[in-house]
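After this come two complexes, each holding chain A, first together with chain B and then together with chain C.
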Partner chain A sequence: MAGELTAAWAVAWMRDAAGVLARQREELIELDRAIGDGDHGENMDRGFQAVVAGLDASAASPKEVLSSAGRTLISTVGGAAGPLYGTALMRAGQAAKERIDADNLVAVLSAALEGVQARGKAQVGDKTMVDAWSPAVEAARQANEGGATPLDVLRAAASAAEQGAEATVGMVARKGRASYLGERSVGHQDPGATSTAHILQSAAKAAAA
Partner chain B sequence: MSVGLVICSHSAKLAEGVAELAGQMAKAVTIVPAGGTGDGRIGTSVELVSAAVEKLLDEGLDVAVLTDLGSATMTVESVIEALGPDRAAHVRHAEGPLVEGAVAASVAAQIGGDLTAVALAAQAKELFA
Partner chain C sequence: MKKLINDPAQVVSDALDGFATAHADLVKVNRRPDYVVRADAPVAGKVALVSGGGSGHEPLHIGYVGRGMLDAAVPGPVFTSPTPDPILAAAKAVDSGAGVLFIVKNYTGDVLNFETAAELAQLDGIDARTVLVDDDVAVQDSTFTAGRRGVAGAVLLEKIVGAAAERGDSLDACQALGERVNARMRSMGVALTACTVPHVGRPSFELADDEIEIGVGLHGEPGRRRAKLAGAAELAAELVGPVLDDLAAPAGTPVLMLVNGMGGTPQSELYIICQEARRLVEAAGLQLARSLVGDYATALEMQGCSVTVLLLDDETADLWDAPVATPALRRGL
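Up next is the complex of A and B:
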């Protein structure tokens, strides 16, 4: 079927994400400095550069690409983001078929969200990356029910993730070191939700290319 | 089975200091610090923690891993998952206040406590009773 996503998409996704995260490095550092330890920009940049360095352009399946990217993130990122994104990508890889249609794509994104929640134990509204992943999965599901192509499913997910990230500005942090700030965390956008929005935009961009 | 400890902190210095302090009352217990990212930054390293855990397992010890802040928990859980069920059965993430917990856990290991006893001691509950 036209529009199915392959290993080439997964490779393009990881490359685009690495580029975006390198460009957004300072933004993510600033966001994390406001309510955390300021390492998110550097960690994401470092982690995705390592992912790109380890990419196998001849990988046969999206599963290989995503699982290997996940393992790389877990072993190279020394902050919470490594285990979180690493688990997300490994679970996404496990759920991915050889060719990802819109139904499978919803399963892949759901698996990523479940991975993040299994690892980080955060709920919606805790001001974490779950607040970007969760609306993204819901939007993907709705788009798929409306008969969207994989590309349009990803566009819907990316746009919902961005809105979800913006909505974290008004939230009180209940997870991680930001939670020590309590009410003082309000007014700042969560860095993990922000990087999730960037990464899902990359997924859509890679599918459009 | 005897229990060894791995100290997983975001700071290499903190992990070393905690291991040093906890070792004072537990001379016979192997306590391995695994702090920092391995390349001099603040953070935790799956590779460092994994190497420390594997080393103790290979010595025939059960392993209690103690942590400082939240994302260290995620690192340790990732390490334990990657071990596979057989080896993971000999490893426990022992949650508690790091300094008090490490001292209490190392004493429990010194007097022959098993993994469950050491993990319970690491909660350092008596300090807050």
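Up next is the complex of A and C:
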């Protein structure tokens, strides 16, 4: 089928994500300084540079690429983001077929969300990366039901993730370090939801290339 | 940013090398993965205590590695938990077969990474358990947050459980003692200034000249509220009041009090707070049996302090008094 995603897509996705996170390092640091401890930009940049350094361009399947990227994030990022993104990518890899069609893509994104929730125990509305992942999965599901291509499923997911990240501005944090601010966390966009939106944008960009 | 560093990215690494030079008689420092073990590790038949967390809180935790306290400590990047790999490597380096007890401050990143390391250790046949430290009373509504944070009380817990492990207590006993100590201590902190993470280069938060943050965690991150700077007596009451309210201890209970500097506070100011805090503790009917004053769990160069009160009994008082030989806490050895 046309538009199916392969290992080459997964490699391109990780490369693009590393580039975006390096460029957005300062933005993420600023967001995290406001309601966390300011380490998110640095940690994500360091983690994805390590992912790129460890990429196997000859990998046969998306599963190999994503699982290996997940393991790298767990072993390099530290903080909460390492285990959360690492688990997300490892679970996504487990769910991925050799060639990812739109149906499988929904399963891959759902698996990533489940991984994040299994580790972090956050719910929708807690002002975390779940608030970007969850609408992304829902948008992907709807796009797929409407017969979209994998590229369009990813575009829908990325756009929903971005809106989800923006919506965290109005939320009171209930998980992670920002939760200690309580009401004072309102008015700030969650850095984890923001990096999730960037990473899903990269997934769509890699599929369009 | 003014700091005595070569390269912001190399701060933890360069400091570890210096730490190894300064304390070669007490500890061994392993590089890549980075962890610190006591010089005679692994100690046959002894339960191994392993702690760790983000760097920038020195002497927490690497300064407490040595006889009578921790067997290993794993320093992460500044204010960021170490990943599971070095934690697992440290556990393997100190396990003598009697089991490993992880002492983990309740911060989301630390919990996730130590949890993963404990799972991996179990797979490798190491009996790995965890004691969570969550002594910070500034966090009131634990249901709607990630829960109370682990702060300076970790020092007291590491000393007391360390002494128990040293005398040969089992893993079960050490774990139970750790939980008991954690349940009987509370802390509360205040920040007068922010601190600057080297690779960020700017202060972690903004405080006006006359503003303080009451209820800060170990990174200066907010807890309860911003307030105007007040005198030491008033500030001590802001810290000790919530701690004693939460402990609700019967009159006459002996206590250990830690007045902890956050890195940028002169000793003299800590002693002023100590004296004010003592009045409050005694006014509440408690007996100040032991005290410790100084920089024991810091947030880089932050000005501020925390007060921890631990309710003692005969056993924990004896364990507190037991000999210890670490870079940052040493007596009787």
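Some notes on this structure:
Criterion: the second predicted complex is superposed on the first by the 209 of 209 C-alpha atoms of A that agree within 3 Å, B and C clash if a C-alpha of one lies under 4 Å from a C-alpha of the other, contacts with A are read in each partner's own complex, and residues count from 1 in each chain.
Criterion: a residue touches a chain if its C-beta (ideal position, glycine included) is under 8 Å from a C-beta of that chain, and two chains touch if they have at least 3 such contacts.
Treat the numbers as computed from the prediction; the structure is a model and nothing was measured.
When the shared chain is aligned, chain C comes close enough to touch A:174, but chain B does not.
Which of chain B and chain C touches more residues of chain A is settled by the count: it is C. Contact with neither chain B nor chain C is seen for A:70 once the two complexes are overlaid on the shared chain.
In the superposition on chain A, A:29 makes contact with chain C only, while chain B stays out of contact range. Applying the stated contact rule after C-alpha superposition, one finds that A:164 touches neither chain B nor chain C. Of the two partner chains, chain C is the only one that A:184 touches; chain B does not reach it. Once both structures are placed on chain A, chain A residues 37, 39, 43, 74-75, 77-80, 82-84, 119-120, 175-177 are touched by chain B and, in the other complex, by chain C. Residue ranges on chain A touching chain B, taken from their complex, read 37, 39, 43, 74-75, 77-80, 82-84, 86-87, 119-120, 175-177.
For chain B in complex with chain A, the residues that touch the partner chain are 36-38, 41-47, 69-71, 74-75, 77-78.
Within the complex formed with chain C, the residues of chain A that make contact are 29, 33, 36-39, 42-43, 74-84, 119-120, 172-177, 179-182, 184. Residues of chain C touching chain A in their complex: 54, 76-85, 107-109, 112-113, 116, 138-139, 141, 144-146, 149, 197, 199-200, 202, 204-205, 217, 219, 221-223.
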